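Quick notes on the structure that follows.
In this document, chain identifiers A, B, C and D correspond to the written order of the chains, with residue numbering beginning at 1 in each.
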Amino acid sequence: MTLLKSQHEAMRQRERAQQWVRHDSAALDVADLPSFAFSHRSVMWWATAGMMAIEGVVFALAVMTYFYLRSHSAAWPMGGRPPDLRWGTLNTLILLASLLPNQWTKRAAEQLDLGKVRIGLLLCLAFGIAFIIVRGFEFTALNCRWDDNAYGSIVWTLLGLHTLHLVTDVLDTGVLSALMLTELPDGRRFVDISENALYWYFVVLTWLPLYAVVYWAPRSV
Amino acid sequence: MSRLRVVVGTLSIALGAAASMSGCEREQRRFDAPPVSRDGLASVQLGPTRAGPPASGASDPASAAASSTVADAGPSASASAVLGARNHDRNAFDVAQGKRLYRWFNCNGCHAAGGGSIGPALMDDQWRYGHEPPQIVATILQGRPNGMPSFAGRISTEQAAQLAAYVRSMSGQVREDVAPSRSDGLSTGAPELRRDRETPKLAGTP
Amino acid sequence: MSRLSEPAQAALRRDPELTRRNAVPPSAADRAALEATWRDPPGLVGWLSAVNHKAIGLRFIVTAFGFFAAGGLLAALMRVQLARPNSTLIGPDLYNQVFTMHGTTMMFLFAVPVMQAMATYLVPLMLGARSIAFPRMNAFAYWIYLFGGLMLYGAFALNIGPDAGWFAYVPLAGPDYSPGKRVDFWAQMITFTELSGLLSAIILVTTIFKLRAVGMSLNRLPLFAWAMLVTSFMVMFAMPAVMLASTALIMDRLIGTHFYNPGDGGDALLWQHLFWFFGHPEVYFIFIPGLGFMSAIIATFARRPIFGYSAMVLALIATAFLSFGLWVHHMFATNLPELGKGFFTAMSLMIAIPSAVQIFCWIATLWTGRLNLKTPLLFALGFFAILVLGGLTGVMLGMVPLDLQVHDSYFVVAHLHYVLIGGAVFPLLGAVYYWFPKFSGRLMSERLGRWNFWLLFVGFNVAFFPMHLLGMRGMPRRVYTYPSGLGWDTPNLIATIGAVTIALSMLVLLFNLARSLRHGTPAGANPWGAGTLEWATASPPPAANFDALPVVHGREPLWQPWPQPTQVRGLAVRQREVLVTTVLDAQPDHRLVFPEPSIWPFVSALATTVLFIGSIFTPWAVVWGAIPVGIALSLWFWPKPGETERELMLEKSP
Amino acid sequence: MKRRCRALAIALAAALPLAAFAAPDMTDAAGPQAAHILQLWRVTVLVCSAVFAAVLVALLWAVWRAPRGGADAPADVSGLMHGEPGPRRSVVLAVGVSSVLLLSLLLASVTTDRALAHLVLRDAIHIELTAHQWWWSARYDDPQPSRMFTTANELHIPVGRPVILTLNASDVIHSLWVPQLAGKKDLIPGRSATLTWRADRAGTYRGQCAEFCGAQHAWMALSVSADPPDQYEAWAAQQRAAAATPSESRTLRGQQVFLGASCVMCHNVSGTDAGAQHGPDLSHVGSRRTLAAGALPNDDAHLAAWITNPQAHKPGVNMPGTAFAPDDLQALVAYLRSLR
């Protein structure tokens, strides 16, 4: 049912856009069109989608490299124990939990509710910082160094790549929070918050396969 | 070296900013190294920092004769002249060649990968016969008591200088951008360029 | 209006013009206001903060052709060294640097960026848009590309030029066999050019999907725009492979990871797989924009739209998908399983079919057109002769048994130059002659154009056809000299003579460009009588491109009758407001205020350059370098004082 | 034109002692594999030339017959209103023909692949070839270990008998390519590849490293001499024998100089103390035609020059130069040349 609702919503928006466009003689008057739009109607969504496509390919190739190297070595992990599950699993739970404030902030932004958005951004920031702190412990529990062997190298690279995306998005959320707390935002800022929330979904969704690869692939047969 | 190389050099320098020239020295590939004359080896008087008895373990009459004339003469200018002309510590190609010769000449047979086994460790801060390049070259060419053979005549001074530069990089004496990285074999701990610089100390009695 | 702050409302009362909208037909006041709004600020700081897509586009094109000249000089140097056997003009060390710099410059610093540069300038004009999407990010992409190229040539000048080939196969490019910082500078250059390429790709996709003129549905999109759209998607899915590979290489070299260490779990072929997974689509990033130029030139100079528009678009898309499936034909000589190689032979042969479709459609267009034999069309015809031969030698190289004989021989050197110079440089030069009037407002000389074409065409074939023979006679690639008496001496001499002729033709081009800038006959808005939108505005176009945005009703707007409504009214003239349209049918969706010129993209590019170069010398540079980058990016994002108020004046929520 | 060039090349080759090889031309096939590939090569060149000619003719005809028009000529947009059946039919036909030709070439390629894979390998010679930075070492394997021997840079193989090469690299990636015998195969560190040859015609065939492998990639040649079986057996027997012990005083002094100098750190001469494997095996260096993997002809003058300053002839090579006293040098050269 929800799918149908969103289709209905999109159609209603399109009709409203059409009705503001008046044809008279040579010109098409667009003065009454809205000055910003959410989701794929906005230009910022396409930039976020592009970044997600690129980084998705980087993650996919890094995971393929992991299994390529595994197929080339007799023992995997090469001379060592697989990473401890404690911190990784805790982090995965934190990340899944962070989806709630993230979705809440996204809907608040789309309703242009400044109060809720300010609270939501700070919540997301808190979850993000918590995730980074636990990620620090994760690195200590990998039971290998990056320069031990090919296994150590690819495991550290996978975790490092995801941490890079995590840190950049938390910084982005930080800057957005600072902006929303100090300035009177115009419509476009709410679109930025909605896209930043979309990118956080990407950070969460890419972590799930990486978690399976880094923590469970060495334990499988 | 050739007319066209000069033209290309001036053209490129016009293109590049006049960045620091340390990059040049590090990257020199000295393929035109002049061959050290065979009898020239004998005339290189390299005195050890500490008057040790001439190497006893020389396995071959010819080299023993060569090293005996070398050992008893005091340090002379020509040794540092030969080495000083080109500072192997600042040339990445020389240090990398030294690392390759360290495996080829079976130095790891006694010194392992720097941790030492029969021979003393080379990556720590303990030095018995001096940690300066000329002193290490002297140690290589003259040999030392308790098993270090004399390689005079077997290893040219140029190669000995490269080996000395590599040995110094094992304990972080060589600049980080010149020191070699990992080798294409089994990992032997952190690569030389990631090792912190040890402050060389004089070891106990020889 | 209600959320407007008190000072903003006061400002509006003082100057109501702030929210004046453009009228149709555009008045002189509109035109002056738009010019003042969209112009880049004057002065040096203004020049560094320019974000106008035409300013950035021209700088991009000039820089790319600068690197093309540098790469060409290096090629001339190689040909002089190889003219005679046993030549000692250049030693092996310098020659290895020269041929690596030639390959790296041509592939990474010229071929791919010049196509994105031309698109940065032309695509917004072709789509009837006021600006490219994300103009500040576009400026950042250009600065990063420029600093990357300068870093590489600075290193080359200090004898730190890469010397392991433009493909840098490990273990030769690895830490054990490439001491010093040469390969590190190469790997870091990859990071620069890939970052710039990826950002340009995102920018072009967003521009083509969201900023098209009203009514320009996807099936009315000009073929050059289709080519750039397809190329940008390929860039987004192929370049990450080489970024991952070069990052792994620089980590192997600097912090001792073991990705490519055969002795400790790594694999030498991992690099080749990752590199060529990017490598082959890369040569199609270079080739497909060339096809876009061909479609634009042939349509205008055959006085009719290209035959088989939908077949051409599907062929572009098919080429893009197929190009991801044939990277192993670069690795036929390795010990990979033979059946696997067979699949890649099939894919390599299949990709010839979409290109065949395009070539036959062009010939059909020429067959049924009315030809205007000017220089751009000459270069297009030159494309046919050279590319088709290169494509056929490519079919030969795609077959495993033949590739085992001529792989890494001079036969491959001949093939790659036939498809790259024939497939991309000829259409590119045609495009320069075709759009130079739009860039500068003056036509280039036809006489010099013909000299340029015929010198290049003859010189090219004299230089590269004998290389087929050299390859069959067993001369391997990348040799700094060769013994005499093996049948290699005469073809090499002929090739050098050809190379000199090519250099001559490039000088003629340079002279033609310089002369035409001042003395070329003035060209009006549409000197060639072309059909696409970029010819609807003045030459060179005003800062805002169009006084009033056009409304499109057909595939060739200037050739077809133009029913009502013809233009768009209601966009602010005192603010950088653009019209965002829907993806499929380009119906008006919403108005958007674009960012002002800003110095921060330049500063961020500088900070990123410091980080990248620093990280070659110490890994800690990544940590400490990230702080200035973070600060610069945050200040770039932060709204300028008064910017939010001005936007609130025009705000209307959906 | 090609026939004349090859004649000229051979004449030149005979004149110069250095390049004593015929031009390594893939069209001069001396074995079944090169012959199979050459056959496919000729078929493909034929088909591709025909397609190229057809496309050029179509293009030139189109350009020749089409009427001319200036920039002001009105553009013919009729094609947008209604379809153009004429050109569509010819384009579809042309694309169809191209696809069929490509398919036929694919089948030809696959059949040639199968033919290459089915070379009869009964009583083959087994050679383990290892590539180093800028020279080749070859070990002729044999079921009896005592009959194994090692040589460098020059292989001899019996005419008519297959040869199975096991390819390894000790440092970087190299690629073995003898155009007259078969296609190339990469030697990759950490991986082992196999290549099969069979020479049906006696002669000396020049091979070269085909994968860029560093400073001296240009001077990393390998010569393969296909000899009649008896001549091969004689050569192999000679290679199996230990190095000749010096008989007269000059060569004895040369051996003393050899064992006293830095040569022993890298080279091996069977029957003496010198046993290092980092440089080419010199046990039978006297019998080889060239020095330094094809860079210099093997005669007294070049050998002396090479020993004194190898960097001058092959800059970047890992061999250090040693300036012996003149008489020592002569004795050393005499000794090495005596190692037939």
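Note that in this section a residue touches a chain if its C-beta (ideal position, glycine included) is under 8 Å from a C-beta of that chain, and two chains touch if they have at least 3 such contacts.
In this text, all values refer to a predicted model and were calculated from it rather than measured experimentally.
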item: Selected pair, greater C-beta contact count between A-C and A-B; value: A-C
item: Averaged-CA centre spacing for the pair chain D and chain A, given as whole angstrom; value: 53
item: Centre distance in Å when chain A and chain C are each reduced to the mean of their C-alpha atoms; value: 30
item: Approximate Å spacing (C-alpha centroids) for the pair chain B, chain D; value: 37
item: Multi-chain contact sites of chain D, meaning residues that touch two or more partners; value: 171, 189, 215, 315-316
item: Residues within chain C bordering two or more other chains; value: 91-93, 171, 176-177, 252, 255-256, 258, 261-264, 266-267
item: Sequence positions of chain A contacting 2 or more other chains; value: 147-149
item: Set of all touching chain pairs, with the criterion as stated earlier; value: A-B, A-C, B-C, B-D, C-D
item: Residues on chain C engaged by chain B in the complex (per definition of touch); value: 70, 73, 77, 80-81, 88-94, 98, 150, 153-160, 171, 174-177, 179-182, 252-256, 258, 261-264, 617-618
item: Contact set on chain C toward chain A in their complex; value: 3, 5, 21, 23-25, 133-134, 137, 198, 201-202, 205-206, 209-211, 214, 236-237, 239-241, 243-244, 247-248, 251-252, 255-259, 261, 264-267, 270, 273-274, 277, 548, 551, 564-571, 579-580, 582-583, 587-593, 630, 634, 637-639, 644, 647-648, 650-654
item: List of chain D residues in touch with chain C within their complex; value: 2, 5-6, 8-9, 12-13, 15-16, 18-19, 21, 23-27, 34, 36-37, 40-41, 44-45, 48, 51-52, 55-56, 58-59, 62-63, 65-77, 79-80, 84, 86-88, 90-91, 94-95, 98-99, 102-103, 105-106, 108-110, 112-113, 116-117, 133, 171-173, 175, 177, 179, 182-186, 188-194, 206, 208-218, 221, 294, 315-316
item: List of chain A residues in touch with chain C within their complex; value: 13-14, 16-18, 21, 23, 25-38, 40-43, 46-47, 50-51, 53-55, 57-58, 61-62, 65, 68-69, 72-73, 78, 112, 146-154, 156-157, 171, 175, 179, 183-188
item: Partner chain C, residues of chain B touching it in the complex; value: 1-5, 8, 11-13, 15-17, 19, 21, 23-24, 26-29, 31, 92-93, 95-96, 176-178, 180-187, 190-191, 193-194
